[in-house]
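Multiple structures follow.
Heads up, the next two complexes both have chain A, just with different partners, chain B and then chain C.
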Partner chain A sequence: MATLNRSNRPLPWMVFGVGGFLVAFFFPVHIFIYGIALPLGWLPTPSYRSTLELVHYPITRIYLGILLVMAFWHAAYRLRDTVCDAFAMRQVDTIVAAACFAFALAGSIATIVALWAVP
Partner chain B sequence: MPQYRQFQYKAYQPVMSPYWYFDRWPYLKFMLREMSSIFVGWFAVVILLQLNALVSGPTAYANFQHWMATPPVFIVNILSFVFICFHAITWFMLVPRVVARQVLQRPSPDVLSAAPNFGIWLVASVVVALFALRVI
Partner chain C sequence: MADTIILEVARFSPERDSQIGYQTFEVPLRSDWMVLDALNYIKDNIDGSLTFRWSCRMGICGSCGMMVNGVPKLTCETLIAQFAPGPVRIEPLEHFPVVKDLVIDMDVFLEKLQKVRPWIVRKDDRLPAREFLQTPAQLEAFHQYSLCINCMLCYAACPVFGLDQDFVGPAALALAERYNLDSRDQGAPERTDVLSQHDGIWDCTVVGECSTVCPKGVDPSLAIQQYKLTATKEWFKTWLLPWGNK
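Here is the complex of A and B:
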């Protein structure tokens, strides 16, 4: 009887896909505000207290948790192929994949710990 | 027993340059889009650092804000913005490629199929900006 080998590829691909959408929808505005507009003084900088208050809302923490975890896994999935293709390193794909997914795992754990630590 | 040497098939071994993506613009565009992953990873780490600074207190958060304004970090953030917008546009434009769509039994234009994504992107950006700037 033939053994049916089912690929586990769809599961990481789903995480990559969801992460791709979340990054596309939400990252540009984060980078624009915190990385460009506020350092240049184009927008009024909100106070420390009001920003901390924002993070106190459970919905903000859920939003940041899902966004960051998905972004880390999306980046890792794509970074693996980028490194292999850009530097002709497909023969060491296993090592590259391990390094990229270890980065995603570390980022996910750090995200959960950071959100948990919010007073 | 044949007296001639039998023809030996040689295995086809395609030769591919390690820098194949410089050969054509679509290949380079593909590779640039893939490189957006570096900047996604970078800014995810930046958001984590921001969160950590926020939890650590007003001084740590002020230091984080100063660090964000330093030229090297600012330049990387500009690059991140460009690359991630490139990712967003190419990602949204994929929708017409993967979704079967038609209007009145005719294939709908690519732009029409991708338009809802751009609409959601705009609304999501405005909502996040209003919260981030503490307007609401």
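Here is the complex of A and C:
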């Protein structure tokens, strides 16, 4: 059956694609607000308490969870190709892929645990 | 403008050399000369043994591709004067075995091309009673990919092909898409097994150099990304739907 030699890349590629879209779309907004606008005083600085309250809402946590988890898987996919090509490691792609996706898995678990633990 | 320019031309003879060397030639610098004209000047007036391919001199046969100062170019449509005061380095297309001087062995490419079945595949071989009609929109869907002249500049530019010679590569994948997107063609399922492998579209890491160097405005990188979407849909159909494998 010819299907056997088809690559299983579609699954990680789709996550990579969706993750890339989310990262490109939402990260700049976060970077602008928390990295530029607030430190420069363009926006009134929210208190620690009110920020915590914002993150406390389930909808915020779900949003942050999806955004960060997808970012990890997006990064892992890119990192795998970069490491394989930059260091001539295509022969050991499986090991590189396992390491990169393990990193994404660890990042995802850490994200979920951290968001879960928000008081 | 000085009236001559120096060319550093790669020389290699399989019987004589173990690696590529360079020979310097001084040629007239004329504003209407292409790099190919300068090479022909060398061949006619200085060293008749210099070996290179060319035919049409009008950017259509795809045989005169070489590295000009490290960039893959059709030498018949690259003005030499833009490199003044020189020197200009002329080398065979990168990533291919060299046969002699500037001539590369293109068998690797021809095998790949053959594999993707770049012709109209019909389910039955009988000739239709009349010609196939196509709307302008149907033509538009594949037209740019049909402009490929098989010059292999995109292979010389592709770092992935440089690392992995099994990669089907830009032009062959773009030509596969050219037929997949043709309303007259029915061969897409047969091409899938070549295209959807690791060495097919999935080897591409979207460097995009193929589309930058293409002298014909073909966008192989786009073809590959388009097909990644198609292959992903197919993959999900195969795994999720009980009839997906039919």
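The working rule: the second predicted complex is superposed on the first by the 102 of 119 C-alpha atoms of A that agree within 3 Å, B and C clash if a C-alpha of one lies under 4 Å from a C-alpha of the other, contacts with A are read in each partner's own complex, and residues count from 1 in each chain.
Note that in this section a contact is a pair of C-beta atoms (placed from the backbone, for glycine too) under 8 Å apart; a residue touches a chain by one contact, two chains touch by 3 or more.
These numbers come from a predicted model, not from an experiment.
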item	value
First, second, both or neither for A:74, with chain B first and chain C second	first
Partner chain in contact with A:10 - chain B first, chain C second, else both or neither	second
Partner chain in contact with A:117 - chain B first, chain C second, else both or neither	first
First, second, both or neither for A:20, with chain B first and chain C second	first
Comparison of chain B and chain C by chain A residues contacted	B
First (chain B), second (chain C), both or neither touched by A:31	first
Contacts of A:90 with chain B and chain C, given as first, second, both or neither	second
Residues of chain A that lie at the interface with chain B and also at the interface with chain C	81, 85, 88
Residues on chain A engaged by chain C in the complex (per definition of touch)	2-3, 5-11, 13-14, 81, 85, 88, 90
Contacting residues of chain B [partner chain A, same complex]	18, 21, 31, 34-38, 40-41, 43-48, 50-52, 54-55, 58, 61-62, 65, 68-69, 73-74, 77-78, 80-81, 84-85, 87-88, 91-92, 117, 120-121, 124-125, 128-129, 131-134
Touch list for chain C against partner chain A, complex	159-160, 163-164, 192-193, 196-198, 200, 202, 205, 228, 231-232, 234-236, 238, 245
Residue numbers on chain A that touch chain B, as the complex places them	20-21, 23-36, 38-39, 43-48, 50-52, 54-55, 60, 64, 68, 71-72, 74-79, 81-82, 85-88, 103, 107, 110-111, 114-115, 117-119
